[in-house]
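Here's the structure we're looking at; comments come further down.
In this document, chain identifiers A, B, C and D correspond to the written order of the chains, with residue numbering beginning at 1 in each.
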């Protein structure tokens, strides 16, 4: 169990820059790797093609941005610049394919400039439908997936996607998501059991470890945590929104906890567990199943647009169900999707008189004083009168 | 200065009548817009970038483009109070200025420099080129309760500009799906003949507008395809699909030919030919233009007027025989819907085709759809292709981001290097 | 005076300091002068011009041509013409170090990276973007807030053993961050070096935009700051040209332009004023 | 009961001695500098001396401000927003909105009748939303901070300085100076630009009467005047409010002590 935690922490650390574990894996397995930019990526497809899917989650402030600065301006979020810097430095060279998608304008254009600076190597772009009320959306996404699978097979010279492989992969990833969700629920109920830092690195390891190994480790870990009991502690139950893409500095999340808050739910790495369970029994066309899983999933996610879901009502539902005492909007600096979602949530919280706080972060920030002061005041204002 | 005599055209003014006509067209359009709801018409909000406004025409929906209203307001100096209104309720300074202005203008009774704007009856979400469009309509949806009608448009993802058939099918299918929705919304039947007629007029206007912009290839160029186009691009957006629109571009084309034959242009001489990229700065538009005018530089071609449609790239045809597919293709080929390498190559091609001396990129701090990647564009043009390239930054509507001394310094230095190259 | 009107002056009216330089007709630097710009650029530039003449023992009549540069270049009323400081720094750096191919100018309110050709002409340039973090003003601000003299800041930072990471992208914010790091108990030296290191990273980003080609000449007021020199050299892994004159580079370049313009003006038989 | 409140700010450290949570016995301020331990000790010693109390007589020490954790002898640390709110109420009991403007940023809060913070917000970091900007301008224009406000009040036609970034705003000021715009008008413009940002922050939490200003800017008459004009209402401000956060901390310390003693009894 200690081993798992260390293992998780170590690979998490690795994913902050060098991705050495990916290089080692490739050497050992002789198979390709695909790096995917957040938020969501159909990892099972990559897995079924023999790829190791690896999340590109920025460099957590561990690299200087001198090279990225030459190509990008200062008014874009850190994750885009640090992923770009990693690419320019050659730290992503072991990735046979990089995939970006339409989560925002920054990510969309990042695909092209990454391609331009990675001559002769594969950079793919996936379009996730935004119109889930169209009868053609699932079909469209299925074709996108099929296209991507063809490209990836071509790049790596691996055999084309087979239904059998895909079925095995979907089942594995079903397990992974189920375990992650169990952990998420456990922390929702008893947030004092696992410190956020540990919880985060456990989840994050899932974006870099081979799924077989991850599932095995995670199973033991989750079981052990579920069996643990400790005296419930007092804290302000908060929901943290905004960190769905750029990873907040772990120090910031710590500062929130130290100020007396329990982060009962947040959006870090949501894309990893977002699909929940996919039913593999019904269909022979599993690509459609995966596409359907995306298009018809109505769970709220900032970078998804559902004309039919009311984000405000959904937020209030979460306030009730999670027994929240406050909401913290922790938005990455310059991340417009997060900033606009804040403006949707804010009036609803105002109306219901639920306290909320807005702080901005950058992955490379090294000073948390301002944030700490704000969070402390926020908790003081909830706790004392 | 003596006033121009009636018969002979003597001053530049005399060759600048299309701009005045455009002013009239815009004025009339605003008039129609501001009275639409009182006249029982529906107001649909739409986006400028490669929009299928032909559908609005057929259903008699009056379009309101918050991008256009915002730029007009900010051209008239009216942006700060609207931006302030939005920031007071919590919008970030980093958010797109158009959105902040648009949201404030749609709030109850907000009066703007062009009047009290009607609220949306329908939000037409065409996702060509900018992701903020989605967030913007979401804001308005929660604010006003107006329904959103979505047409998803995939990004041009291939670096050679290829667009998959499934992309076109997907967009065309959605356009077809939107017809019953619009019928229900307006209570009118879709009139196919009318639709074809509108399409025909649109194509005609596009064709003429394309020819107008091609005039920039002449040396000297009779027009400034960046600064003057700001005015000229209004009709194609506001009143496309009408005879009036076609007439406007026909007139403009004639006027420019006349300018060419008289050797008249927007600057005294043409010392420099420049390619412009990016949204202009509206609050300081004239000052900004002057920085270039003073140096006798003309924008001979620019990407900005192409936001409405990529008329000069060979990827554009409206075809009445396959109306849905051809509109779909047009929507996919929106400038900001192109990936960055394509955009960069287009600029490079412009430099060649238009015999330009350099490229000016005006980067908008709060618009990542345009600006994310412009740094890399500069890298490529300046470093790999040795094309003099100037990158300057400010905002399209927010005067707080314009620092005159800084920009002037850069522009002056740029002309110094151009002069040096010329001498060499 | 034996040869009247054979001297050429450059005045660089910067945001912080106004600098002046005088060269003779072969381009030798005869003298330099500097003072705070203050609120009145017109007076400041006149004053520097006077100072420059005093120091070199010249009269106005000895000077054939004056070129103004810097932010206040249009206010240098006695100047014959003006050139932007980008061209001037390139020119000046070329004079001081003829093998210069890249110039890094760090001044009070902007940082510029300039690529120059073998004649000291600007091939490409890039300046700090809209966001002003990473300019000399930032060091000045930190010095003032900490109650230090400008000259002390760089020196002190050299004594750092364990530099603190200052990562704020914002100059305004970085000032506060500096103090916060101190409040958390980091040593002054370490915090100061952290500031220099973070500014160096930004400056190198700008240099990369134009391409880093040796030799690199470091100009502007910040080239007087040993902490900045160390941080830049460490991160670049190469040496920079700098000396006591690089601060005057803009003015020197302007003086050279004065020389060149004056000679071409005589050829054309006219005055550029 | 004697409680001491210390507010360790980025520019100045303020210390106050409060008797029975009611009577302000002494107040003192010293520059913070970079040697925190020294300024904190200095301010502590000085304020005790001024109040004529010995260290042994101090019952409680509450610290606030960004350097609060460096006050090693503290019994309690409180954030500046909470402390400033209580301090504002101490001097102006009918306060409902508090505006605390220091060097780095401005914080606006809405409080209830007991001084509890209901909602708050600080100026965004990418903004010239604090007194530091004015300090720079004072330095640059060679006017001196003490005379800055008074000079600005002589303006006839203030020119707007609109840039968001304070560093760039300085360039703008320089640019205006080169255009020979009268200094007073530029200075007032600079004040108005800070006012604009601070007022925005206040509006984001909602303005409720009475509004009290705390922190360093109470010493700047031009800021106060420009603020009142722009807000269209009165602002409580007095020299004592420079010490509001320190007083608020001392007051909360007193409350804490009462509670503890009550529990013990």
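General remarks:
Definition applied: a contact is a pair of C-beta atoms (placed from the backbone, for glycine too) under 8 Å apart; a residue touches a chain by one contact, two chains touch by 3 or more.
Keep in mind that what you see is a predicted model, and the values were worked out from it rather than measured.
By the document's definition of touch, common neighbours of chain A and chain C comprise B, D. Of the two chain pairs examined here, A-B and C-D, it is A-B that is joined by more C-beta pairs in contact. Taking each chain's centre as the average of its CA atoms, chain C and chain D sit 37 Å apart. If each chain is reduced to the centroid of its CA atoms, chain B and chain C end up 40 Å from each other. With touch defined as above, residues shared between interfaces to two or more other chains in chain A number as follows: 70, 73, 75, 333, 358, 369-370.
Among all residues of chain C, those that touch two or more other chains are 71, 129-131, 133, 176, 180, 183, 209.
Counting partner chains per residue, chain D shows two or more touched chains at residues 66, 105, 124-127, 168, 171, 174-175.
Under the stated contact rule, the graph of chain-to-chain touches is complete, every pair of chains being in contact.
Here chain D touches chain C in the complex through residues 8, 10-11, 31-34, 36, 66-67, 69-70, 104-105, 125-128, 132-133, 135-136, 139-142, 165-168, 170-171, 174-175, 177-178, 180, 183, going by the rule given at the top.
Residue ranges on chain B touching chain A, taken from their complex, read 89-92, 94-96, 99, 127, 130-132, 134-136, 138-139, 142, 148, 150-152, 154-155, 157, 159, 164, 166-167, 169-170, 173-174, 177, 336, 339-344, 363, 365-366, 368-369, 371-376, 379-380, 393. The touching residues of chain C, counted against chain B in their complex, run 71, 83-87, 110, 121-127, 129-130, 209-211. Within the complex, the chain A residues that touch chain B are 70-73, 75-76, 80, 102-106, 108-113, 115-117, 124-125, 127, 129-131, 133-137, 139-140, 143-144, 147, 305, 307, 311-312, 331, 333-334, 336-337, 339-344, 346-347, 358.
For chain D in complex with chain A, the touching residues are 66, 78-82, 105, 112, 114, 116-122, 124-125.
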